[in-house]
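So, here come the structures, one by one.
Here come two complexes built around chain A, the first alongside chain B, the second alongside chain C.
Showing the complex of A and B:
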């Protein structure tokens, strides 16, 4: 199994605030990772560096052996936490935009996902609720045949039924040559998706464990394991 | 590139851009009506027309560029409107496409100017009919001005976060504004008064403008922090 993403000694500061403090980790192809940690642990900063949206940092990140930049944007599908669509766009425009600029975009899959997730093409972005917006972002991002998917709080605002539907879609369409990195606070929702968990605290990886190892060795869910680790960390 | 330009034009559907475009048109109509129907002095009509016109053009430019450069605007979230940053296209191409998408506005300005020239008395000092060569010079000055503006924004983005103190950031912004206003004034003034023939003026300012646009793209790709928010 080959490596898609490698970060070594990654450092990122915002003025006096240290967002990433020597983060080192590796991600293999064909796996779904959970990048988990409390607020301000550096999850979003790490994803933005990998998505070539933050260019100034210390240390090294390599995606398929290449530094994040124009070339890697074609391989990486990043789903940001916030809304990144311009307010004048309609749902249909977002599909056309992705289709125009990403060679790996599967328009048929996008049309299918829009139907599955009950999104009307004629709806204006600004009229979508938080949950509908989350569905739209997922629909367009998952319609790419990217090598690496970075999903930042992808399930925020999504109702339980839709969440189940999306998880099924991810499992059904997951390509063994690609990799998904999920950053989320809703750990129980994604439990069954994850192959491996990386726990992040104050910009450093503190644990890297296979999901099956947690389930089999501790008999706990990933959410329970997460709580145990961070309670323990807090106590020390 | 064609697709990029197509999406730049589609951005004119934005509410803020439409509002500025409406202001642009209403200004011209109001100035003409004020003069012909309400007997507003022609000098005043032209003066107000000019101020509002440049105001609306400036607003359109700001709406086109500021979300792209992701300078944090009060009331917006970090990711708002930053979709073009996610696509695998160079900033140089995108900035060039934005420049091209703004050119029809300049054409509209020149058309309005010409209309005003014919609708108002000919002896007004601020209003002169633009021959094609002068129009080309104006167009290239516009390209140069926009490139300088973007350069100022890029440098501002580079300097952002240098200090947590609002006062220091405000001082930096003010210093940048003064520096670039002076630089723009001197550059455009120099090209204008050096006595070069119009085609040469146009060629010179277009060359500097396009070179600056490429430099801006390069700086964005390699040195600016982009989406720099926690």
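Showing the complex of A and C:
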């Protein structure tokens, strides 16, 4: 299995705050990863660097052997936490927007996913509920034929029925040539999708374990294992 | 399928397939869904399904035909031997739970005898 993403000794500071503190890890093609950690552990900073949205950092990231930049943006589909589209847009405009920006955007799939997730094209972005916004972001991001999908808190504000639909869409999108990284606090939503779990603490990877290995060796669920590791952490 | 979060998912699915063969809902020679289809049906990672199929092929429960698909094995007594295997697993789980309660072999037998004697 080949490597799609390698980070070595990543350092990122925001003033006095250290967001990444020597993060080192590798991601293979054909796997789904859970990147888990408490708030401010560095998940979002890491994803932004990989998506070439944060350009100043120490250490190195290689995507298919290339540093994040224009060339890698074509391979990396990033779903950011929080709002993403300009406020004037309607749901339908986001499809045009993605279509213009990404050559790998599959418009037919996007149209299908909008219907599947009951998103009306005529709706103004600003009128969408949190759950609706989560669905829209997923619909457009997962309509790219990208190699690496970085999904930051994709399940925020999502109800149980929608959660199942989203899991179905993620599984439909995933194949042996792609890699999906899920950063989420909703561990129990995604635990059956994960090949491997990477735990991030204060900007450093502290554990990398296969999901079924955790269950087999500890008799714990992924969520319980996570709690055991982080229980004694002070909140930031 | 409902999963136990604390047990490896591949083991649970493997046991489920074995049980279906043992109980006859999967019959010898029947074709199984592709890995991708099965993952979608069971809402799990396709690599987990690939692992299950590979292990069940090794165990002779499934047979892969190149370029065609994965099928339930056709060896004689497959269902019966899987039924025996599952019965043994279930018994061993029962016995270890009873031992955890501090019961001796004789006491476990007595409990079982009384339970089975109930109308």
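Simple rule for what comes next: the second predicted complex is superposed on the first by the 231 of 236 C-alpha atoms of A that agree within 3 Å, B and C clash if a C-alpha of one lies under 4 Å from a C-alpha of the other, contacts with A are read in each partner's own complex, and residues count from 1 in each chain.
Going forward, contacts are C-beta pairs under 8 Å (C-beta built on N, C-alpha and C of every residue); 3 or more make two chains touch, one makes a residue touch a chain.
Keep in mind the model is a prediction, meaning the values are calculated, not measured.
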item	value
Superposition on chain A - do chain B and chain C clash or fit	fit
Partner chain in contact with A:32 - chain B first, chain C second, else both or neither	second
Contacts of A:193 with chain B and chain C, given as first, second, both or neither	second
Partner chain(s) touched by A:223 [first = chain B, second = chain C, both, neither]	second
Which superposed partner A:83 touches (first chain B, second chain C, both, neither)	first
Partner chain(s) touched by A:164 [first = chain B, second = chain C, both, neither]	second
Partner, of chain C and chain B, that touches more residues belonging to chain A	B
Which of chain B and chain C A:155 touches, first, second, both or neither	neither
Touched partner set for A:14, first chain B, second chain C, both or neither	first
Overlay on shared chain A, then closest C-alpha pair between chain B and chain C (Å)	28
Overlap of chain C and chain B interfaces on chain A (superposed complexes)	none
Chain A partner contacts - residues on chain C that touch it in the complex	3, 5-11, 36, 39-40, 43-48
Residue ranges of chain B touching chain A (in the complex, touch as defined)	3, 6-7, 10-11, 13-15, 67, 77-83, 85-90, 161, 163-164, 221-228, 230
Chain A - residues contacting chain C, complex	30-32, 164, 167-168, 171-172, 174-175, 188, 191-195, 211-213, 215-216, 219-224
Chain A - residues contacting chain B, complex	14-17, 19, 40, 44-45, 48, 51, 53-56, 69-71, 73-74, 78, 80-88, 93, 97, 100-102
